[in-house]
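Take a look at the structure below.
The chains carry the letters A, B, C and D, assigned in the order they are written, with residues numbered from 1 in each.
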Amino acid sequence: MKKIINAVDQVENQMIEGMVKAFPQYVKKLDCGNVVVRAEKKTGKVALISGGGSGHEPAHGGFVGKGMLDAAVAGAVFTSPTPDQIYEGIKAVDDGKGVLMVVKNYTGDVLNFEMAAEMAADMDGIEVKEVVVNDDVAVQDSLYTTGRRGVAGTVFVHKIAGALAEKGASLDEVQAVAQKVIDNVRTMGMAIKPCTVPAAGEPGFELADDEMEIGIGIHGEPGVEKKPLETADEIVDTLLEKILADIDYSGSEVAVMINGCGSTPLMELFIVNNRVADVLAEKGIKVYKTMVGEYMTSLEMEGFSITLLRLDDQMKELLDEEADTPALTVAK
Amino acid sequence: MADVKKVIEIIDKIIADVDEQKLFLTELDNVIGDGDHGINLARGFDAVKTIEDTFESKDIGAILKAIGMKLVSTVGGASGPLYGTAFMKSGALLNGKTEMDMNDFIEMLQVSIDGIMKRGKAVKGEKTMLDAMIPAHDAIKASYEADGDAKKALDAGVKAAEEGIEYTKTIIATKGRASYLGERSIGHQDPGATSFTLMLKAVQELA
Amino acid sequence: MKKIINAVDQVENQMIEGMVKAFPQYVKKLDCGNVVVRAEKKTGKVALISGGGSGHEPAHGGFVGKGMLDAAVAGAVFTSPTPDQIYEGIKAVDDGKGVLMVVKNYTGDVLNFEMAAEMAADMDGIEVKEVVVNDDVAVQDSLYTTGRRGVAGTVFVHKIAGALAEKGASLDEVQAVAQKVIDNVRTMGMAIKPCTVPAAGEPGFELADDEMEIGIGIHGEPGVEKKPLETADEIVDTLLEKILADIDYSGSEVAVMINGCGSTPLMELFIVNNRVADVLAEKGIKVYKTMVGEYMTSLEMEGFSITLLRLDDQMKELLDEEADTPALTVAK
Amino acid sequence: MADVKKVIEIIDKIIADVDEQKLFLTELDNVIGDGDHGINLARGFDAVKTIEDTFESKDIGAILKAIGMKLVSTVGGASGPLYGTAFMKSGALLNGKTEMDMNDFIEMLQVSIDGIMKRGKAVKGEKTMLDAMIPAHDAIKASYEADGDAKKALDAGVKAAEEGIEYTKTIIATKGRASYLGERSIGHQDPGATSFTLMLKAVQELA
């Protein structure tokens, strides 16, 4: 394991400290743990809270700020944060208008966030609602699984629901638009190089020099299959085919996110987008907006995911609303 | 079966065993999950260790509750709220008691199972810790009700839990991260079923 | 060589195409080659042009847009672009107010940009001036070398000179502020993993499992020394010591950039910043603004650089001016 | 010494040799530069190949100018403008000529050296292509002036260029990327001196 760190048991703390020290104009850390909230509490609005394991930077702390999240809670690497920390986050950001939790669909995340919500409701009478993001089409959504995983599409939920909350909408309205994003967003990823959880010291999976994993999750969980490495165009075609088969994008406008997994050079992400743009154009799917970069990473995993969000007028407008956070700024 | 001192002794052993088995549990989770189950539990029981000195002055219920809260606030992942709930429910059950007997233990397993099933929305046969817990509970209960021999009952419980682990190898996971694997989860044992069995063995050995 | 690409001789083209397709609202490509200019030419201002080899994405195409560059020219990977392409870029963006070339101090870049400037002056009478960025303190600036290399500090030149140009300043004024940034900016980097130029197929250098290179350049050129890997804090201390020894930062305000080299997880960059912030605080150097991310990469090299820019009031104001480009947005 | 046909033959050989030596030149550049010298030159001479069919109808000056412009617009890096300048200056010198003799060639080397020195602001002894070019020019000139034997002169030129390569191993680079290495550049030969020698050898063999 070759990493630029100090100590395995300090990575989460020092990561959060380093982030908060970099962006004091945007965020501060609560004393109780790795909970990041806006530097200045925005009052009179529904609060958005999200989070999950660490190792997905800039998610989620990087999206705390104007027009996106009010709080982000970071667990240990790839491990859901605990209810007490989430609970502190909820208490810190609630302003009487209620709190929406944006949870990625993992048993751990769902259990811990729900426990926190119960605590906030029982002990403090805070109204807490939840949406569960499940955009990963690599795994089947069937009765026999815990459903699709939540991956990079989550960032679109933060952006769009965050914009509506910033405008003063009610908790129900913010939850509804978040759910609408979830219903319309699909993602699929791949990797050519695994990542190593610092505390584990060994890579989470193995890939031969000529192999890739198609349908990888954001913790290196396998998806569809391990197979010989192909060209960027072939890989894009495989991923897009799965995504486009899942919901009907024909004739619609979409937002595209090409997300790097942590150690994929931007050059390669642009080469990927070159093909994505061509295929969508061929199919008559209009690209309204494209994002290319690192939004939901997996430590130093090498690979990428493609996310397509089918847009309507409301989502388009909210996507374009001003946002000002450490990791995503949209100028008006 | 156990007084406060004995309970502390058992907890002590669990802390040590989890630490010792940390890599093994993590390795199991690496295959069908995300490779952190041992790390998660060790982080939790390391934290329990830091409050162990407060246990002597507590009753068994209070000790179990404190452990449950510690686990909930340090383990994270799926197993944190699940084991945390189990210990908290057990603590509520044994509230005020400074001695517990086999019937208490059997009921404690039952409330733990109920708590985990409710929180995790899982049933038997989904390749989770429940696949060790439920057969263990049933075997202990049946054996103890038959002849009142605590040692024999605990032996039967451990045996059933170990069979439960073997059983998890044969089934597809439909809960937790392993469910993403579908068919590919077959052939591998469940980390949670394994960690539960480790804890039960500590009870068997010392109680 | 394990990369997500299609063909070795297509990486530059497809990268540029993919970038332009991602950000049509910001940039377009000239027909004549890998020259990226603003989607809508901004008239009535001094034009800024920069560029260099490909492989440093998002530099420089990602910084084309409001408040930063007007054009960026991309050569082959790690190879200066050619004069004809730079010349086309100059012609495309000049609006009669003159053009400032922001060149990184490499013989190839300097020669090619200067040849292009001669062409534009001789053939089209365009007034072209130049600044040469040389912020890398890893190599000595002595009579016996070509001087310090230009690295990540270049992005501060783009930002600050770009902001002044956007406000309508004259070519001399824009050149002067660009030079002021250059005089006050210093950078040093390190790497723990090399990168592979696609056309070469083999890594540019070798590092053992426990080794790092201190003072690495953005093409993997060695700098100070190869030595055993240390903790993040120790590495930061080494780099900062060199930077702080080069010009006197005491009592001043600085802008900090923690730049990832291409495959360094953001988590590690934040851990690095945690130490940088602490050391600067200890030394009484006030951090005015911090940037953490990928600004000037080296394909998939793993490592980072630290840049410190000593600020005055003018630079502070221009740093905060609105910018809207694919890779850097500053909201007003 | 050479008519248009011969010049084209020589260019042909240079294109082939650069392609063949591409990896070797790149490897040399890897050690003290950025590992692209062979790739850069090959990209340039591949592009020259695409305009070769226009050469037959051109005079030698026009051919060399076209090559220079092609190199400038395709090679990039430091060597692009430098070799490009050398060919363009040579083209200007031989403007309108359909035959060239040894004196033309010697003068062509001289204007190339001058052009490169001016553009690159370099002198002899800085570990660049000049350290092969200058001795080669001097040796050819001296030998040819002594006895008028072209073949002998070219042999002497190649020998001097090769000694120039050896010489670059002994000195510190003070120009180009290799200068970043300081002392560490000692012991390694300069890629540009090597590529110039390759070109001169094509002339020696065919002229």
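Basically, a residue touches a chain if its C-beta (ideal position, glycine included) is under 8 Å from a C-beta of that chain, and two chains touch if they have at least 3 such contacts.
Quick caveat: nothing in here was measured; it's all calculated off a predicted structure.
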item	value
Euclidean distance of C-alpha centroids - subunit A vs subunit C, Å	29
Inter-centroid spacing, subunit D versus subunit C (mean Cα positions, whole Å)	32
Mean-CA-position distance for subunit D and subunit A (Å)	55
Set of subunit B residues in contact with two or more other chains	none
Chain contact topology (line, ring, star, complete or other)	line
Contacting chain pairs - touch in the sense defined above	A-B, A-C, C-D
Subunit D to subunit C touching residues, read off their complex	26, 30, 33-36, 39-40, 43, 72-82, 119-120, 172, 174-177, 179-182, 184
Partner subunit D, residues of subunit C touching it in the complex	53, 75-85, 106-108, 111-112, 115, 139-140, 144-146, 149, 197, 199-200, 202, 204-205, 217, 219-223
Complex contact set, residues of subunit C against subunit A	2-7, 11, 14-19, 21-23, 54-55, 57-58, 62, 192-193, 195, 209-210, 229, 231-233, 235, 256, 258, 262-275, 277-278, 290-292, 294, 297, 299-300, 302-304, 322, 324, 326, 329-332
